[in-house]
Amino acid sequence: MSDIAPELPGHFNEIDPGLIDSQNALFAYGQVRSATERFSAALSAEDQNLQSMPDTSPVKWHRAHTSWFFETFLLKPFLPGYRGFDDSYTYLFNSYYNGVGAQYPRPSRGLISRPDMAEIGRYRACIDESMAALLQHAESASQRDQIMALVVLGLNHEQQHQELMATDIKHALSYNPACPAIVPEPENDRSGTSLNWIEVAGGLIRIGSDNPAFCFDNERPRHRVFLNNFKLASRPVSCGDFLAFIDDQGYRRPELWLSDGWAWVRQNDIQAPLYWLQEDGEWLLYTLGGKRALDPAETACHLNFYEACAYAQWAGARLPTEAEWEHASTLACADGPNADSGRFHPDVPAAAAAGRLSQMFGGVWEWTQSSYAPYPGFQPAAGAVGEYNGKFMANQMVLRGGSCATPGGHVRPSYRNFFYPPDRWQFTGVRLARDGEQ
Amino acid sequence: MSDIAPELPGHFNEIDPGLIDSQNALFAYGQVRSATERFSAALSAEDQNLQSMPDTSPVKWHRAHTSWFFETFLLKPFLPGYRGFDDSYTYLFNSYYNGVGAQYPRPSRGLISRPDMAEIGRYRACIDESMAALLQHAESASQRDQIMALVVLGLNHEQQHQELMATDIKHALSYNPACPAIVPEPENDRSGTSLNWIEVAGGLIRIGSDNPAFCFDNERPRHRVFLNNFKLASRPVSCGDFLAFIDDQGYRRPELWLSDGWAWVRQNDIQAPLYWLQEDGEWLLYTLGGKRALDPAETACHLNFYEACAYAQWAGARLPTEAEWEHASTLACADGPNADSGRFHPDVPAAAAAGRLSQMFGGVWEWTQSSYAPYPGFQPAAGAVGEYNGKFMANQMVLRGGSCATPGGHVRPSYRNFFYPPDRWQFTGVRLARDGEQ
Amino acid sequence: MSDIAPELPGHFNEIDPGLIDSQNALFAYGQVRSATERFSAALSAEDQNLQSMPDTSPVKWHRAHTSWFFETFLLKPFLPGYRGFDDSYTYLFNSYYNGVGAQYPRPSRGLISRPDMAEIGRYRACIDESMAALLQHAESASQRDQIMALVVLGLNHEQQHQELMATDIKHALSYNPACPAIVPEPENDRSGTSLNWIEVAGGLIRIGSDNPAFCFDNERPRHRVFLNNFKLASRPVSCGDFLAFIDDQGYRRPELWLSDGWAWVRQNDIQAPLYWLQEDGEWLLYTLGGKRALDPAETACHLNFYEACAYAQWAGARLPTEAEWEHASTLACADGPNADSGRFHPDVPAAAAAGRLSQMFGGVWEWTQSSYAPYPGFQPAAGAVGEYNGKFMANQMVLRGGSCATPGGHVRPSYRNFFYPPDRWQFTGVRLARDGEQ
Amino acid sequence: MSDIAPELPGHFNEIDPGLIDSQNALFAYGQVRSATERFSAALSAEDQNLQSMPDTSPVKWHRAHTSWFFETFLLKPFLPGYRGFDDSYTYLFNSYYNGVGAQYPRPSRGLISRPDMAEIGRYRACIDESMAALLQHAESASQRDQIMALVVLGLNHEQQHQELMATDIKHALSYNPACPAIVPEPENDRSGTSLNWIEVAGGLIRIGSDNPAFCFDNERPRHRVFLNNFKLASRPVSCGDFLAFIDDQGYRRPELWLSDGWAWVRQNDIQAPLYWLQEDGEWLLYTLGGKRALDPAETACHLNFYEACAYAQWAGARLPTEAEWEHASTLACADGPNADSGRFHPDVPAAAAAGRLSQMFGGVWEWTQSSYAPYPGFQPAAGAVGEYNGKFMANQMVLRGGSCATPGGHVRPSYRNFFYPPDRWQFTGVRLARDGEQ
């Protein structure tokens, strides 16, 4: 991530939690928490309660669950005299932590009209007040390091939910024939750049994090991997690239698809990426800025793993492994937009410097051919927060680099996101790879 | 319906539409429309957007759709210069009238967060204003009779949706572990009455309506039916009666059930009526007044056709036919509560006078053994409103008498309600019948 | 049924069971049982084990189950010293008699490869031998009448399964792209006849059976019904008639369909009756005689209730009630083919005499608009055989008249068949009705 | 594989296809083809037509499809004058080769009663005769090497289907309450051995095949992988081991399960491995030798990936990666039974020599934690046979080592089998791994 300014105190996850002081922590806490509320403010009470499929959650639920996280893992254990805001929230806003107790059924989250939006606003305010008290108290507390580590985890957790809030509400609003806009229409005034192949040398390299600063447990330990030489595309696949695939009957040619992918295409009669619409022969996109014409130069998004693989097959290429991606990420330049842009769309990538990779960070999450699995020597975090990552290590594929909906400063080269192959409501795209000369 | 005061102008459907004047019509219109808003007022924006299954609709949708009905069938054709409130509503709030155009998919109505609750309030106000203009204009119009007939149809239609608003929101709120109350807790201070068998003489009788006052097309024409002598229970089955069925393993004995009913019990692991909960050995009910202990004397409700038949089989009885029910309804006395009570629960029936039938009207809709089918000589209404009834004449069973959620004055002896055998989210119950001495 | 020769002792169900002697019974028994085996003989071991949907059963299962019926209801209770052929058959070949015990799950009947076809042949032979012993023994037994009544019931039961064997194997074989033929190709050398409307006078008539000869419990008691005057079509709807409906976009016009029917059309993308195929613009039929061109003059079959209603709506007519049908059946002449023809296809109806109705019996089962419900005063038979009919009285529609797959002599004017509205693998068709002058 | 005798000409896949002569090839061909028929001979026509779920196929279909493979990829292209046995087979018995044309729908394979078992026998005989001609002709043909390579591929393909025949028919027969036995009851007279941890040194090792002898394309190219030190269990998990997991409430403790695994347990109410039954408190197994008591010493099988992971979690261990497994396989000794034993059950493993691994080959396929993915530099085979492996590289996990149903000589250290995480009808089990001292 070329343009991250480490002196910015908001980038709390680049600092060793052991070195954070209460002022820094409070500042970071306030920044992250208020970003959640800023995004939500454009949404009505009805908007915030929508759930359009079991995989997604209402915005109101995200706002409450991220607060529940601080309440459950910080306030209740560490703030003396803290009493829960509402006992029923333990059940209502637990996502999947069996160690904390039972959970309200996920597919029915959109049926919880009460507590309402205003009440969840009060819940957040109350948690914030108590967290301020805890952080001041924490400075001198014996559990200081443990608290600070959990605060940083909680803030990273909330940032992840900020991204989900954007993708989930986009999915829900897409059911509305009025194509509602909740952000300014993204600008796409840049012209496209050609795709070049960047050669990367392999060898016995290392991936994963050994940084004392925050990272998720799934990024550790740093470990050795042997890579052949390979090539990466200088930019992600664009809408124009993908249109050529469609025009070449890409969705009708089984030889391009994984077997499961072809079954998915046929069962769902898929003919284009999610949120692409064809009206009167013209291709349109639904974005959080409304419905507009597709720009061939902009980065293609909302592709799932099957579409990514089929495109790569058609293009005579393949997806990178996550080790290749991470190893090559030192060549990154010219990040794509992240959530701080407020546009929630990947835009047209800037031209990369010679031998460098554009939009490795920001823009779209990039599918890899690596399944989500534990690194050698992986140890889940202790306690209920240990359910954060490890138990999802089946059936999902790793994505790298962050997207236009990822909060600024949230990702890093070792960051591992993961989704199921058919998922396409995230801002996901493709960067092609090829074998190099050995 | 013993206690209907025909001088009350609100009971518009007891008056021949040809005799209604604009003052009467406006008064009735105002009464019905404001009842919708009074009920909705207790519900938040989030509440009003809930949809818990494809069979139900959000309260907000009901409020909009009933307005759409007046707009589509009255304002657009008959009010000179009227322009639609919003073109997209034609699609969004059409329920099933293919004659009017395409419809937004029913199972996704809960995903329409925009227009929001406030906007639908403005829609209703605008429709009301234009309807007032139309009704004043109608007095002298050549289409006066046609307009008045459609107004009365529209008001009856809105009353039907008032009942659905209550049953649909009850279903949705039941998913909330807090068991929200939106009406005062129903009082049940009456003690129960014993069940007597009332003998009714058969013969070649007539059912159906030939009244010039309003009725739905499915109630016509009045026609001859031959009935054997039969007996009807003096009151509906009570919760205590039904508990005895449960305690006698009624839900585990296939011989009591229709084949399809037994399949339904097993596939859904049914052990009690909808909204009955057992906690610590005690039976509780969820009502719109909250969760409370079951009163054995109150009328059992939320039974479906299968449960009704199994109970009757267990009790050595059967369900009445709709002709038997209608023929016997002259013996009705002591109505159960209707929606005007504001309690939305069937209560304990009052004792009936000797030889009379208690709670035939109000309390619970009573399942009959008659499938919903056209009467001999049935003619659907002309135009798109002809889709109101006839096309539903398959797979459904007739229910009679109105419930605690039916607006006062809405039903009559010839009134035919209809639902599918497995449906149980309506206020539905059982009145037993037996063959008489022939 | 104009052409039934009552002297033929095989028509056992036209004789009062109280008057049957052991010779007659044995003769009838032999005739029915051997008809089952004659039909099966054309089918291989693999054919006989096929089950193509949960509603259907393998031919081998039908052969075993009909034998189980005699074993369970006659041999075990009445033949001294009889020991079951195989204990596991009690469970394997029980269809739905909860009174007899648990049942092997219906959808998995096609997974029972053992006992094999040969073993079921031995089972049948053994049952036949024991039944011969029982019938000779029965002559002097105190339970003679009870035995004879059950024998007649068992033979009628087997005849019903003979029809199901034909429809079930047709459904299964239709999955084979080779379109196997198991009977001679049906001849259709007759030219079509025009459709005339026959007027029938209504009034207070009687339907149902009070004949001492055999009938099913659902046909009793005979009872009074009031009918308006009505008209019936002189013949069922032909393939040519139905083609006109298709050509007039019948499958694309929601206004023609019941609401549930339209949902069925859309969910299954229905464009023609079952077993109709369009190849190179020509309409073909799959019949048990193979694949061949459709003959516009032949009676249309494999229509379900929804298709029947939509066709009637399109034709400006309606379906008859079962009371109308039965009342008019005295006007029947010129039966269509039954299973004795060996062709298993409805053929072209013969011209009816003036004022008479062709193909009322044989050809196709005719959908009525009457749901399958108990007659007034209906009493199920005692014991486990009481599960034969009553428990299916929900969600099904009555069909009348027998089909080309119904054994000769099996049906009668009061005979009530019943299937679910979406079912179309039976030989089912449509005879139109209209209201008469009152 | 310690006990493979390379001089045995039947082990055709250990010989470089370029060195095979027509005599060797014919001998190997005869051996493999006759093994298919020997297994099938115990099955009736009905047995051979069973299909109990979409994942499985009828034995008759396997017999035909393996013949279709030789016909399609060898006889039609290479045998001069060869005419297809039956044109319809091209469609009926194509499994998934889009390059060859359309395929009969997989879930309906059990509905193809015709061609029958005898006809498929004739098909096989005809193919065998033509293949003999081709092999003799091939000796001098210019395409000799290509032919020999395809013959070896076809024989390996048929061996894979031999294993599926066993697992598929076991699944189908398990629906029969009689628990049919088709092989002798497996003997389990050995006593169990304790589980020891064998230390294996890591480093930059190589896996995959560079042997000129036959292997599948997915085993190539041989490539470098870096491994940490690790430990492997000396034998697979036994039934007794797994019983301890069950007794410790393993199926009720979400913390032991992957998230998807826990969902699978709950949705299917899983309480034991497939084919385990509890009767009167005793645990029984269904095997192809019938139903018998579980022996705690025998290797546990029919576990899926989720069960394998949950067990490992409970045992404080993990699954090995496929690279670990392959690297450690040089320590293998004391193979478990393969299909040549005729018992089709994994038995009790023999004790391993010190520092060695028992039952690495044979017994059960062992789940690894590696998803099925292309090796670096993977190239699918050219032409339609290139659809053999690559298109399945999503959502599946790699299994290693072969099972009691794998034909002798079929597997090798680099062999990669793959199934979906929920699959458990294969003979699949668990060998535990742990991190070593680094």
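The chains carry the letters A, B, C and D, assigned in the order they are written, with residues numbered from 1 in each.
As a convention for this text, contacts are C-beta pairs under 8 Å (C-beta built on N, C-alpha and C of every residue); 3 or more make two chains touch, one makes a residue touch a chain.
If you're wondering where the values come from, they're calculated on a predicted model, not measured in any experiment.
> Starting from the mean Cα coordinates of subunit A and subunit C, work out the distance between those two points in Å.
60
> Per the centroid of Cα atoms for each chain, what is the distance between subunit A and subunit D, given in Å?
One centre to the other, that is 38 Å.
> Compute the distance, rounded to whole Å, between the mean C-alpha positions of subunit C and subunit D.
Inter-chain centre distance comes to 48 Å.
> Show the residues in subunit A shared as contacts by 2 or more other chains, in ascending order.
Correct list: empty.
> Should the pattern of chain-chain touching be classed as line, ring, star, complete or other?
Shape = ring; chains linked end to end, path closes on itself.
> Who touches whom among the chains?
A-B, A-D, B-C, C-D
> Which residues, counting only subunit D, touch subunit A once they are in their complex?
96, 98-99, 204, 223-228, 254-255, 257-262, 305-306, 309, 318, 369-371, 373-374, 376-377, 387, 391-395, 421, 435, 438
> Can you tell me which positions in subunit B touch subunit A when the two form their complex?
By the definition above, subunit B touches subunit A via 44-50, 52, 60, 88, 91-92, 104, 108, 110-114, 116-117, 172-173, 175-178, 180.
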